[in-house]
Each structure stands twice: as C-alpha cells, then as structure tokens.
Amino acid sequence: MQRIALIGAGRIGRIHAANVAAHADLELAYVIDPNTDAAAAIASSHGATVADLDGALGDASIVGVIVASSTDTHLDFSLHAAAAGKAVFCEKPIDLDLARAKDAAPRFESFGARLFLAFNRRFDPSFRALKQRLHAGAVGALETLHITSHDPAPPPAGYIPVSGGLFKDMAIHDFDMARWLLGEEPSEVFATGACLVDPEIGRLGDIDTAKTILRTPSGKLCVISNSRRSGYGYDQRIEAFCAKGALRAGNVTETTVETWTETGAQADQFQNFFLDRYAAAYRAEMAHFADMLTRGAAPEVGYEDGVAALALATAAQESMRRGAPVFL
Amino acid sequence: MQRIALIGAGRIGRIHAANVAAHADLELAYVIDPNTDAAAAIASSHGATVADLDGALGDASIVGVIVASSTDTHLDFSLHAAAAGKAVFCEKPIDLDLARAKDAAPRFESFGARLFLAFNRRFDPSFRALKQRLHAGAVGALETLHITSHDPAPPPAGYIPVSGGLFKDMAIHDFDMARWLLGEEPSEVFATGACLVDPEIGRLGDIDTAKTILRTPSGKLCVISNSRRSGYGYDQRIEAFCAKGALRAGNVTETTVETWTETGAQADQFQNFFLDRYAAAYRAEMAHFADMLTRGAAPEVGYEDGVAALALATAAQESMRRGAPVFL
Amino acid sequence: MQRIALIGAGRIGRIHAANVAAHADLELAYVIDPNTDAAAAIASSHGATVADLDGALGDASIVGVIVASSTDTHLDFSLHAAAAGKAVFCEKPIDLDLARAKDAAPRFESFGARLFLAFNRRFDPSFRALKQRLHAGAVGALETLHITSHDPAPPPAGYIPVSGGLFKDMAIHDFDMARWLLGEEPSEVFATGACLVDPEIGRLGDIDTAKTILRTPSGKLCVISNSRRSGYGYDQRIEAFCAKGALRAGNVTETTVETWTETGAQADQFQNFFLDRYAAAYRAEMAHFADMLTRGAAPEVGYEDGVAALALATAAQESMRRGAPVFL
Amino acid sequence: MQRIALIGAGRIGRIHAANVAAHADLELAYVIDPNTDAAAAIASSHGATVADLDGALGDASIVGVIVASSTDTHLDFSLHAAAAGKAVFCEKPIDLDLARAKDAAPRFESFGARLFLAFNRRFDPSFRALKQRLHAGAVGALETLHITSHDPAPPPAGYIPVSGGLFKDMAIHDFDMARWLLGEEPSEVFATGACLVDPEIGRLGDIDTAKTILRTPSGKLCVISNSRRSGYGYDQRIEAFCAKGALRAGNVTETTVETWTETGAQADQFQNFFLDRYAAAYRAEMAHFADMLTRGAAPEVGYEDGVAALALATAAQESMRRGAPVFL
C-alpha cells in the first residue's frame, strides 16, 4: 500500500480522499489543513490521522502528497513536497502568476520531482475516447476545435477576487484541453469577454462570459466558449472538425428517462455538479497517480503543462485588455 | 398529360387533388361527390370540372380514377372504374367485409384491372429506407418486428360505428406494414384490446387500445401496438430486430429546435397530423400512380394486398373475441 | 458495522462482495463456496474468511446472508439463513419450481424471516426515475407498457438445461418489472416464442426469442420482448404509455462520443455487459440491504414478489406450450 | 395572378421558377438569360416565355422580378427592375462591393423600390422557430450565439476568383443570421481564417476555414464557424445561449432510420444539398414575395440588410488581413 498525505480538506480534498481510500494500492495516512475540524472529519472517515505539514513530509513512509489546498498555495506546497522527495498530485492551476510559475520550474527539476498536475478533464471517459479516435485517424486530420465550457452557476462573489479571473480559474481547463487535442502549441490568442451574467462580477473587475480563438502555426483554429452561468446545467462539450468528418463529445444526463407529451420529448437534466459530471475522471486520475507510485508511470500531465495552460490564460487576459490578438 | 377523375371531395380527396395538380404528368379533370359544394371547391382550385360518375367514366380521355370516397363505397366505385377500363387508385381499406372483398377479386381480374391500393405508409421515406436496408441485409435476417402506431386523438364518436372497428380502420395500416416487412405471410394472430381512452368508444362496441402478435410459419414474430390517443402526438415507429443488429424508424419533429433549461432538453413536438406526417408519402404514392399511367409500372400494392390486410384485421377481431390465437 | 456472510463465490458473488466492502455500514466476514479457491480469492480481497455454512450461520455476529449461489440452491440456503435468524439477500429467481416456492412460503413466515429478493433492475436509476414520474402522475394514468429486454449474446449451451428456460431465467426480470410498474397483478398471460438465434438452444428444448402480452383485470396491457441475442448490445428499455403522454427509459452508451461522417452520425455502443449496465443498481440494492440491517427498513422486494414473478414465468411457459392465453 | 419575370436560368433560378409555378397567386411569365437554351427549358416547364430584359420590364402586366443571375449583376438588374416600377426579389448578396452597394441605396429609394433580399435561411422553419422562441423570452435574454455553417464540399476552383471570397460568398448568410438573431448591430468584428481544405483555394488567394467573433455594443458575442468542406455533410446549426437556458437548431437527417449494431447506433446522413436542406425555406420566401405583391406586405429583408451583411463580411476580410479586430 502506498501511503498518501492530503493537503487541503475542502470539497475537492474530500473527493480525492475518498478515491485514495477506494483504491486498492493507496492508503490515506495524513490529512493536513489549518481547519483541523475539516481535516479530522476526512481523517476519521478513512482511518487517517490529522497532521501538520512537517510531520507528514517528514514521515519516510509517505510516498505521495496530494495538494488540494487553495490556489495560491499550490506552488509552495508542491515545492515542499517535491523537496521532501515525495511524488506530487497537484490540483490545477499550478499558480495564478505565470512568471512565478516559470521561475519555479528549475527548482522542481533540481529535486527530480515527479509532479502530476491534475487536469481532471483529460481523464473523462468521453473526452479520452474522443482524443483516442482523433489520433486513430478515423475522421482524418484535425482542422478546428470547438470547446463549450459553461458552468451551471457563478461562484460566490467573494471568490472572484481570489480566483485569478475567468481565464485563469475556469478557462484554464479548456486551454489545457485545447493543447491536449490540437497536438500543437497555439501561437496566437484572441479573447473577448463581457459581463452579462452578474453585474457584481463586473464591479469586481472580472468578466463572466468569454469567447476565445486560438491559432496554431499550421493554421488549426480552436474556439473556446465560457460562461459562468448556463441556465441549463453544466455544459461540457467538444467538437473536433476533421478532414473526413467530425467527432463530438456531449453532455451527460442524470438518467435516460424521457417524457413525451404534446409539447415534445423532454430528456432528463444534465449532470449538473462538476463532482458528479467528472466523478469517473477523478477516480481515473487517482488511478493514474497510483500507477506513478506503484509502477513508475510518467505523469500524463506535468508541471510544464500547467505553465503552458497558464501562459494561454495570461495571453487571453492580455488580449482582452488590449482588444487585439496576442502572439506567443 | 394523363387525365384523372377524383371520386370523393373530403379531406383525403383534397390532398390527392393537390398532388395530382402538382405532378408534371397528371391533370385533374373531374371531381365527383354528392356534396357538390365540396366538389366545386376542389375543382375550381385546380381547373377541374364537377361531374357525375357516369359522365367521368364515360369520358374516354380519362385514364385514371382516384377513389377517395367513404370506405363502404371503395369497392363499388373501384369496380365501376375498372369496368370502364380505367386504372384505379383506391384509398385503403378495400372494404370492411372480408368475404365481399374476396368475392369481388375475380371481377377485377376479368376486367384486367390495374388497381393500386393506396397504403400510404409504404411510401414514407423513412419506412421505405428501413425496408431497403432490411432487404440489403446490412443487419442480417429479420427475426422480429415491433410496430408502434398510436393516433394523437380518437375520431369523433360518430365515426366509430362506421369505422369497421380499430383493427380494420386503424391497425389495417400496420397489418399491411407487417406483411410488407416480414416478407412472409403471418399464419397466426393473437390480439387483445381494451377500452382505456374513451368509455364512449366502449359503449359503441369498439376498443381504443390493442396489442397484437403475428407469427409466421418460420417463427418470425411481429408485435403491433395501437392506441386511438397517445397524449404526445402521432406516434409511428418501427423496430426491426435482426440477426446482426436492428433497424429503427422514428417519429418526425416539427422542427429541429431544442430548448435546454434546468429541467433538461426539450425537443420539438412530433408532427401531429397524419396529413403532415405523411405528406411526402402522399406525394410519392401519386408519383407511383403516374408511373403506372405513363410507363406501365405494375402497382406496388394491389387488390390482393388489400384482401390480405383485411384478412389479418378480421382474424385479429376474431382472436380478441375468442380470447385465443386465430390461425390463417 | 453489520457483518455479512456471502454464499456463492461466482461472478455475481464477486460483485456483491465488492459492494459490501465499499459500503460504510457493512463488513464482509465470511465467504462460503464449495470451490474454496474462488471463495478464498474473494475473501482475501476484502479481508474476509472462508467458512462453511454452519460455521457462518452459527456465528451470532453475522446479521445478514447473501445468497448468490446457483439457482437451484437459492431456496434452501435462504431457508437455512432465515432459520438461523439472519436477514437474507437472495439473488433472483427464488426458485425454478412454482409449487416448491409456494410451499416454502409458510416456513419463511414461521421464521419471521426478513428476505430481500434482489431484482436488481428495480434499483436502476433510470427505471426508478421512470416509476417515480409514473406514480407522480405527470403523464396521467398508465395504460400500456412495453418492456424490451434483449441480451447481447446467448449463454453457453451447457447453461440452457439448468436455466429453467428463457421465461424463468431471463424474462423473470421483466415479469417483476411489469408487476412493479403496472401497479396491478396481471390476470392473463399470452406468450409465444421461437428459436431464431441458435438451433442448439432449440435442440435443448428451449426458445431464444419470445413476445409476451400480460393483461390486468382493469385492461392494462404489457408487452415484453425477449431475445437471447441482439446483435447490437444489451438492450434494456421501457416505454410506459399513459393518458397524457409517455415515459421512456433508454439504453446507456459507453461514452457520449459521436462520429459524424458522410454516412451519418454514429453514437457510441451501448454498455454491453450486465455488470456494467447495472453497476449502479447493484450498489443501490446493497445500500437497501444495509438499510434493512441498520434501520430496520422493510425489504422493497420480498419472497412473495419472487413467487409472483415465477408464477408469471410459469404461466408464460404454459401459454406457449398450449398456444393459448393462461389465466391466473 | 401576379405575373413574374425571372432573370437568371441557372440552378437557383430553376428553384424559384418552380416555386412561382406552384404558388396559387403567382404566374411565371418571362424567363431572361443570355443562355437561351437554359431560359427556354425553364420557360417550357412552366408555360412561360423567353424574353429579353427590356421586353419583360416593358410589359406593364409584370409586377415582380426575380433576380437570380450571377452575383456581379444583382445590383444592376435590381436597379433596372426597380426603375421600371417592379417589386424585386433579389438573390443574396446584393453586391460584392460595399461602397458600390451603399452608393446605390439612394437610387432605390428614389424609385420607391420594394426590394426583398432573399436570405433564404431566415425562412427555414427551424431557424424561424428558434427566433420566435428567443423573442418570446422562454429562456430569457440572449447573451451569446454560435453559428456553425460548414458546406459539404468546396465549390469548383474556377468559382473562387468570382466568389468574393469566403466571407462575402458563404459567411454572408451567417452575418445576416447573426444580425437577425442578435437584435442589435455588431460593432466589432474579429475574424481569422486558414486554408486547410484545399491548397488550390489558398493559391487563388482565398481561405476555406474561418472563425469569426462579432461583438455588439451591449457585449453580446457571436461566434461563426465556416468551412468549405465538412466531411460529414451540410452542417447548419445555431445555438443561442440565454439568461435562463439555451435554444438550439440542429441538422436535418435524410430519414429517421437508425441502424443499431455492435459498434453503436448510426443515424442517417444529413440532408446534404442546400437545395434539399432549404427547400421549405425557398418555398416560404416565395410565399413572402407573393404576400408583398398581393397584400402589400413590407419586405422582411430589405436592401439595407444586404448592405449591413456586406459591411460585416467586408470587416471580417479586413480583420483577417490586419490580424486585429475591426470596429464598425
């Protein structure tokens, strides 16, 4: 059994804790959080112990550390864990500051760190199947990509100022997805946004709606659509337009039940909560981390992927600010 | 231009008149109906003349006669037209009395009659494509068949006593469809029905809901589901279960518009009125009649098909009455 | 923690063992199987002990027994467990012999037995949502029901002679589903079947294809379609036709990916293996058993439900044999 | 009967001729085309006469003129017809040169011209239903719009140099659709394109793939996706994201037939040819022209709409050329 320490006892920490506990090769040993009640609740559910950071990192039996704390601490905790020789499972984003993230890269390298950056959507079975078929070439070479990524409802206003803004907080998933599917680094970003959902978000200096176009050197184009509130649930779709056809991954409904009445056929609502929609993805990424620990698998998503997605998000912010494309 | 006389100026007569008028090779010459106002309305729309039966049949320039009058007159008018040497386009059913229909067969033969029995659903593009693919063998040999045939709303109560009952009036379409797709004559019929929609229909001695199982000598099975009222529109579907897969033909929505809200995705209502749902089929069957007149095409559906469907409907009635399968 | 003994270390036993292990309130204590290797494999995965029946039933700390052994032993093992005062989770069917099952009923009663008969499909989220909406009355009163239940592929020929035949082995799920949804006991059964899939099944005296019509005293009708092999995957659908509309539960695809090419839009294959298709149902029925043990919940499906489903399956066999409806 | 002259006997001219002939209030009187064989073919099908322009415009009985000639003649023929006091039905686009089109506007006004600019997609039943529901407010205020408009296959290379380029030739439909649905004039256009389909198109100085973002003063955003070749048929979809939900209009399949096999469910191919896909729209726009002639209806799409769409197409070209947004 690979012994794991979890840093962060919030919503996403609880998910990771349960997936650690359910995995045959992993054992949750420590939970670390300044909110000791939250840490204790998770620890007691899974037979783990509440610890402080030094205690956990100092325990030589700990081989992996999950960083699920607040965004501004991702980088530091990951560095600490890497310095202690632990494999790191770090929640996205790696940081909100591109320069800081770039600067830290050599330190990770110097530790010989094995860091998995947990972009969960890469582990969604549908998106994964789409990528597989794309690369198997069934519909020819990829030309353009549409990613729709609309949240059911905006976060509490209090979160906006610490979120890093829509591009770094929300669209960063889509920038990672774009890189993963395009198979080529975007060299140009044009982004435009608006505050259409909640004026409070605008007052706080952020936007809630955005459309972004990425362009690669070979002319591949990717459109990303973001909204903080859909009005119809969690909308997570991808369309890949290729030389001989197209691939699409759609939304997931709660059940397969349809109601037919005189006004038409009503399908069930979409799985609405990201922890439901991506439950399989969270399990799969933990299984990947277990593979890293037990079989030495290389991380499917690394530090450099976190930096690259952050670079795109930063470029999108800059593009919107300047009202012009930004070249990378 | 092939000159046509239309007998019957009701709802279905109007449809056929318009399709005659729109066809490049056909010309509507006469309209015959005891209701001369109705006849005149159709005639004036399409540059035709109101006539009586003898006048129309006596006009040597008339090559085709459409029998779209009330069901109890189908047989007689068809015989008259055939006796006058005209090609006949006869609405379904050929008659409500199986013995009478069988008895008349030799007379049609003696006239060398060319009679097309207008089972419109055979000309529906989707059902036709299903049959084509079935016979092309893409999913292997047919094993069983499900036909769903539910009307949006029951006919007026006054129609029930002259309708011939649910099996002869409504399910007869499905018996024809079953024969057409099974490629083998059913040899056993079990039918059961109930009055669940409108008690008045029960008081008039009919049922409004039925499930029928047909069986062929080789063991192929067909289930037919009928209801006089669906509550959700006109439901006309076929599923063909085969050795290597299945084929399905579904309902047609009014438009492709979907509304996504928090309660799910609402597709548009089904095309609800049979004249809309089967508009293309009515056009296609008239084109087939034109082919009979201009190119000598053999009728795709003949008198014997009308008799065979009526025999199944009669057997279904008998099965329900006796509470046992009826063998043919 | 409620301690559980599992009788039967086959495919379905492994599923139940894993669901016991994953449930917060349950603990797998013993595994009993004449194949001690199989028993040991399951026991070691979940920290349980291989035991014999008397040892397990004699342990007063055991509160629940799962009977997942071969069908012919369901009744006896359930009786033993009930006699020992344990709550019983029994796999379907309760037995293959209706008289024997009826005879045993008083003994269960005399033990005050709490027996849950595990008709897993009642716990499928989609079928459950369908029933809920049906009973909430959103589309009015139920009139007729269509249950499609086609397996991806026939069982090995060797299983046919001990299976009890298609109606008792396979359709019994659908008879239970029909009773559950109709809300009224069927009073008439007409079944017809054929051997269209595999002649070997016919040589062994069974059928592989069947269509059954159930009728209730109030005239509600239910059609059940069974096939041992679909050619297109595991087909498990329900349509409920009601006074003001219809409800449908459809199949589940492996992923949401669609491939669009010149020949049309290809959706992903259906979840093909019953253990995948009903994974959530197996988890939910174990949660229900936990509720019985921890909170004294009454079994949602009881011994009498097993007898009633078996009575319908027996009537269907009799109907097919006699070529006539059977009245209950 | 309103007598009509048709200028242009090509593919789209034939469509309009047939729709004139089929309309109860319209009569095709003249067909004008330098290719007199083509003109004669259409004329003879519908009982019309081949004429020259002066002859047709000089006939006082002619009330409407359909301009379906090559794009570079739309403006001149429309002016001639308007000068002669005829109502004009002009194919899109009004012209390829924005300045020329703007310059001509006062002349149309001076003639008191009634010109209908035939943007057929506004008359598509699904897009029309989408707009209706959007404006009925069922899902709240429109925020953003996605228009997918991919052709099945590129035009012959010889057409590219006279087409005006992708934006004026193809995307102009989408610019019109965007204006119609946004309910607000776009004030900013960013377009980017590539030559990914056919290098010959690139050699001829055009692109075959484009993504465009429109922005309105209130911050509404519209994304338009264009491709000259889809690989999967004619793709014409709209998604309207609103405050309380979304509306979508999808593609139309040839039939409703689905094939279910072990690899999944295959839906039928999309209606692939624009004359099929928009057949109902072409009929409806002719009915609208008839309304203009018989009941004095105001044109639903006017000269100014043609100019506005051309302005957006011109801005998109400019944006792509400059690699920056263009403000209107």
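The letters A, B, C and D name the chains in turn, as written, and every chain counts its residues from 1.
We adopt the following convention: a residue touches a chain if its C-beta (ideal position, glycine included) is under 8 Å from a C-beta of that chain, and two chains touch if they have at least 3 such contacts.
Since the model is a prediction, treat every value here as computed from it, not as a measurement.
**Q** Going by average Cα coordinates, which chain is farthest removed from subunit A?
**A** Chain centre farthest from subunit A's centre: B.
**Q** Identify, among A-D, B-D or B-C, the interface equivalent of A-C, where equivalent means over half of the contact pairs coincide by residue number.
**A** Most of the contact pairs in A-C are shared with B-D.
**Q** Using the average of all C-alpha atoms in each chain as its centre, how far is it in Å between subunit A and subunit D?
**A** 42
**Q** Mind checking the centre-to-centre distance between subunit A and subunit B? Centres are C-alpha means, answer in whole Å.
**A** 58
**Q** Which residues of subunit C are in contact with two or more other chains?
**A** 139, 231-232, 244-246, 260-262, 268
**Q** Please output the residues of subunit C touching subunit B within their complex, sorted ascending.
**A** 139-140, 143-144, 146, 148, 150, 188, 190, 192, 194-197, 209, 211, 213, 215, 219-221, 223, 225, 227, 230-232, 235, 241-246, 323-325
**Q** How about subunit B: which of its residues touch subunit D in the complex?
**A** Spelled out, the residues of subunit B in touch with subunit D are 22, 24, 45, 125-126, 129-130, 133, 138-139, 244-252, 254-262, 268.
**Q** Provide the residue numbers of subunit C that touch subunit D in the complex, in ascending order.
**A** Going by the criterion above, the answer is residues 231-233, 253, 260-270.
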